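Okay, got some structures for you below.
Common to both upcoming complexes is subunit A, partnered first by subunit B, then by subunit C.
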Partner chain A sequence: MTPLGTTPAADPLRVAEAPPPAPGSAGIGSTVGSNPDSPAGLPPGIPPAARPKRPHRRLRQVVWALVSAVVVAAFWSVDISWDSLGHAPARLVHYIGLMFGPPAWGQLPAAVSATMLSVAMAWFGTMLGIVISFPLSLLATRGLTPVWVRWPIRGFFAVLRAVPEVVIAVLMLSVTGLTAYTGALAIALGSIGTLGKWGYESFEAVDRGAIEAANAAGASRAQVMRWGVWPNAQPDVLAFWLYRFEISVRASAILGLIGAGGIGKMLMDNIQFRVWDVVGMLMITVVAITMIIDQLSGMVRIRIITGRWDLPFAARLRRRRTARATASAPDGTARAAASDPAGTANSEDRRKAEE
Partner chain B sequence: MTTFPIAVPPPGDAPGIATRHPDEHRPWPHKPRTWPRALVIAAVICALTAWSAIAIQFDPATLIRNAHNASRTLVQLFQPDYTFIPDTAGALLETVQMAVIGTAVSVALALPISFLASRVTNPSTVVLGVARFIMNVIRSIPDLLYAAVFVTVIGTGAISGVFALVLFDLGIMVKLISEALDGLDRGGQEAALASGATWLKADRIAMLPEVAPSYISQTIYVFELNIRASTVIGLVGAGGLGMLIDKVRTFYQYHYLSTIILEVLVIILALELLSSASRKRLLI
Partner chain C sequence: MSQAQQAADIAFDHVGVTYPNGFVGLDDITLRIGGGEMVAVVGLSGAGKSTLVRTINGLVPISSGQITVGDVGLKGLRGKGLRTVRSEIGMIFQSFNLAKRTTVINNVLMGRLYHTPAWRALLAAWKRDDVELAMQALERVEIVHKAYAKASELSGGQQQRVAIARSLAQRPRVILADEPTASLDPPTSHVVMRDLQRINADLGITVVVNLHFLDLARRYGQRLLGLREGRLVFDGPGADADEGVFESIYGRSLTAEDMLPGHQQAAV
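Right after this comes the complex of A and B.
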């Protein structure tokens, strides 16, 4: 190791890898020692530029600079007095104490009946949305209808999806007044957008074979839809109808907050009158009811798709356990397969968050 | 039922057939009897629908009775007043500011929390369970409810909106990022741990670069969600376009309302195009 004596011994691996210096090039060691660019631990004989340069990505730098500028500008220009932020955590803790210490369980029966109204709103809205969107999404399916029918309907779906449900509800106020009925209609309109899109997407994804067979047997357009498309798409369509109902349950709670009745209205009234213990109880109720309905509807969805009765959270637990078991095994392919359902769950959550 | 031209042998023709089950000479299998089950399901669905219709006091007559009123509103709605656009600039700016700040704060907070909430990067079961539980609770409360509570606790304006957005995004971000972490290959991390790195260092060196693309893509996605959400949360007083919507709605200025909605539509669609384009670039 004497020829390498100039390098610190902190990095034995790299020292061992270094090629032995050629005899007669004894001067190199001294030049490296004096080279300020040489990183510590680099043995003599390897020029300082041995590592490839980092790629220079101009576009990426520009985008980063722009994004940072926008963020800084937003913080700097927004109408918020940042110095008052110091009190916020203490106040938050205070209010959380008021809400949950303890929640007013005496009001639970009223909360449950208000929740039932919310669920009724969601159910009715979803049913109405299904009844309207189903024929429309058939008409929007590629291969079944001409372009001039398809695109206007798709545009209609896109517009309905882009407008938040709450805004639709605000628009409908003048027609029906602020009632649970308005909420249901708003949910119906909102669900036409998503259901319509999911509908034509799954109709387009069906196997062409059955459609061709129906065409070859001389079926009319309606018959092609009934016997070529529907049997194939049915499980998916039923599953996402239920899935949309889950989203509608959340939406109906939100619509209540702007006055459309149900649990949301009860929450809003109690927030405005600052009855915090009731608010805490209502929050727990909303979360619990949403979770229960998700599980029930998820159970039916799993039954439709896989043919087994299974609670979603139990299925997820089992999936995780198998994923963990296979992760410890050396075989990487089994693990990849186990993590795939998690990927679909991921996209579901995204969908749900979008509503 | 159409009759099929396939020859069905009469029972007496072939010897032995009459002794079998009367249906067995059919050339196609017997259709399973599903109608009782279908009937039950249909009855349940009808009952639920009837119950919900009664509960919400479904009444098509109201719609017709208010048709005159509605038609006037609709006429106003379809004549958006574009001169109103300059007046919306302030609220629009506030919406975008809230969305930007909310996204920035929440993604900054979400990164360490998602490392805590993923089994792959957090060796401690207790911390993992606590982090996941808290995030589940935070995620299950809708954004508008956060906004309503913060408006009462902190006060009207953008600050409540930012708080609501941060909490709302945090739930989504942590869930998506920690699941992305769960699906990662642990080779680099194991190598780092084997060479004596602490968990913190191993996660930083081996896992962070791997999760970075999906982190950036989810950030864009959350920003998109925020623009949508921040137009809505103003309806309960949390600043931005929603507050303006609430104002013009109380004064029945529907031609202004439709202008605002058009603006929201344009922004959301533009943002969707931008984000899908940039996410595609990230993934390739």
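Right after this comes the complex of A and C.
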């Protein structure tokens, strides 16, 4: 470790980099101005500043050691059977052949209607979750309610988030039976946990300015919530609702596996009876429909947050509209008109009226 | 716009503000602002300008003394009583404080919340008279054509004028402005200050504005209050505020920095 006062020229590393000037003669003979080849890298006459020591990141080392230990322990405890790993690729190819060579497209209508039941389950469950979680998340927001109201509700959300929907559904089976309704209720309970947390977090993250302004105008607590908080939180919250629906669609397929109806149930039945070509068709259907819903919902979410549709071809459509507006309005109003096609129509009407 | 209410006097009687962290915001301030006056408050950052303005509508509670607005004492005022006082005092902020993701007209109508029943506020079912009042307020600051635009689509100067319209919609007796031009460029600053000046002259509303820049304060404040470390060190017409006065407020002689954005922070 180099003591702080030592000149860089005395550092053996530095000398090794640039051997020609003798140690200690740093830059004396060099021309004025910084010379990157000189051992000190400094113009003559300027003493080098004290350099900071490289800090020890002790905590980081401890964390890495712990993570490595956990990984090793995990390998031990799952008891990997290395022999069967060798056969896995061949078996995989065999089953893929059974499933997709070719899939049983004859059952597609049944699969689509089962998927729609799953989607309906997800939609109903998410809506119910929104209705219940929204007032609760208001009550869980810091600055709106006292701690003794806030913390129990937050704890309730945390417990619901910790329990997977499948477990909730299994617990509810004894009460409501093996139906799609049970699945929807399980999804509702599961979504209350996440929606509630997202809700109060976005209410708390809102810009304080509008809240201050509403207070300064003499608004009541509920009015501050409605006009100081909600307008600014609204797009985020709506987007979260949609995102939660996307998650629910995936969860509803899994709920079917325990018999709660829909595509998951159909999948499970066919796996049990080893009807592999139907299983292959079902998997394609689930993936396709889930992806379509994800894409559509994602587009709506982007529209809500940015205020603009992010569709394929949208850019080209806008360009064409701008070009048309420019052609019809050469008097400099083109830019305003381009963003507002209705306005273009109005100004054209006005011009006609003037004639 | 008809002004139903009389401009209110504001009286500070030995007012002190000590923040929870022990910082003294205001130290024994006694002064009187007459109804219809236009007062500019100047001082370094941390001198208590913002605190002084915010005590008048109770956004900062006072620790000692008494503030009287009209005939209501603010000390210890809470709940409905405090909301009633606030409803008569409009406020304009440095960063505009609009609900940016809703329309301009909704923002202006926030000035009517005190007079709006809860269910109407919840459903945005504003009273017709209130909408008319809000439109008139927007006309006064010449921005009524943006009534249904989203507030976030407006420029800084336009947003500040919406904020002025919001305070006007309250039919206020007093308007407070907390560094209303600090986020604006110089020409826009003058537009906003002229709007405030016109409101003061035409409607007779008492205006208390704290300002970063001395040239603006001297030009628009009929009366200047100088604060230094929480104490009132100058109170008089802007014209009387000469070099020596500025030195007593700022603790140093006047420089070009006091006329430009980004002048130096006071050591707290």
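Quick note on the criterion: the second predicted complex is superposed on the first by the 224 of 355 C-alpha atoms of A that agree within 3 Å, B and C clash if a C-alpha of one lies under 4 Å from a C-alpha of the other, contacts with A are read in each partner's own complex, and residues count from 1 in each chain.
Assume a contact is a pair of C-beta atoms (placed from the backbone, for glycine too) under 8 Å apart; a residue touches a chain by one contact, two chains touch by 3 or more.
All of these numbers come straight from a predicted model, not from anything done at the bench.
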Contacts of A:Gly228 with subunit B and subunit C, given as first, second, both or neither: second
First (subunit B), second (subunit C), both or neither touched by A:Met268: first
Contacts of A:Gln295 with subunit B and subunit C, given as first, second, both or neither: neither
Subunit B versus subunit C as contact partner of A:Val167, first or second or both or neither: first
Partner touching more residues of subunit A, whether subunit B or subunit C: B
Partner chain(s) touched by A:Phe124 [first = subunit B, second = subunit C, both, neither]: first
Which superposed partner A:Ala214 touches (first subunit B, second subunit C, both, neither): second
Doubly contacted residues of subunit A, that is, touched by subunit B and again by subunit C: none
In the complex, subunit C residues that touch subunit A: 57, 59, 82-87, 89-91, 93, 95-102, 106, 110-111, 113-114, 116, 118, 121-122, 150, 163, 166-167, 170
Complex contacts: residues of subunit B adjacent to subunit A: 45, 48-49, 51-53, 55-59, 62-63, 66, 69-70, 73, 77, 93-94, 96-98, 100-101, 104, 119, 137, 140-145, 148-149, 152-154, 157-159, 162-163, 172, 175-176, 179-180, 182-183, 185-186, 221, 225, 228, 231-232, 235-236, 245, 249, 252, 254, 257, 261, 264-265, 268-269
Touching residues on subunit A, where the partner in the complex is subunit C: 207, 209-210, 212-220, 222-223, 226-228, 231-232, 234-235, 307
List of subunit A residues in touch with subunit B within their complex: 70-71, 74-75, 77-81, 84-85, 88, 91-92, 95, 116-117, 119-121, 123-124, 127, 158-159, 162-164, 166-167, 170-171, 173-177, 179-181, 183-184, 250, 253-254, 257-258, 261, 264, 267-268, 271-272, 274, 279, 283, 286-287, 290-291, 323-324, 327, 332, 339, 342-343, 345-346, 349-350, 353-354
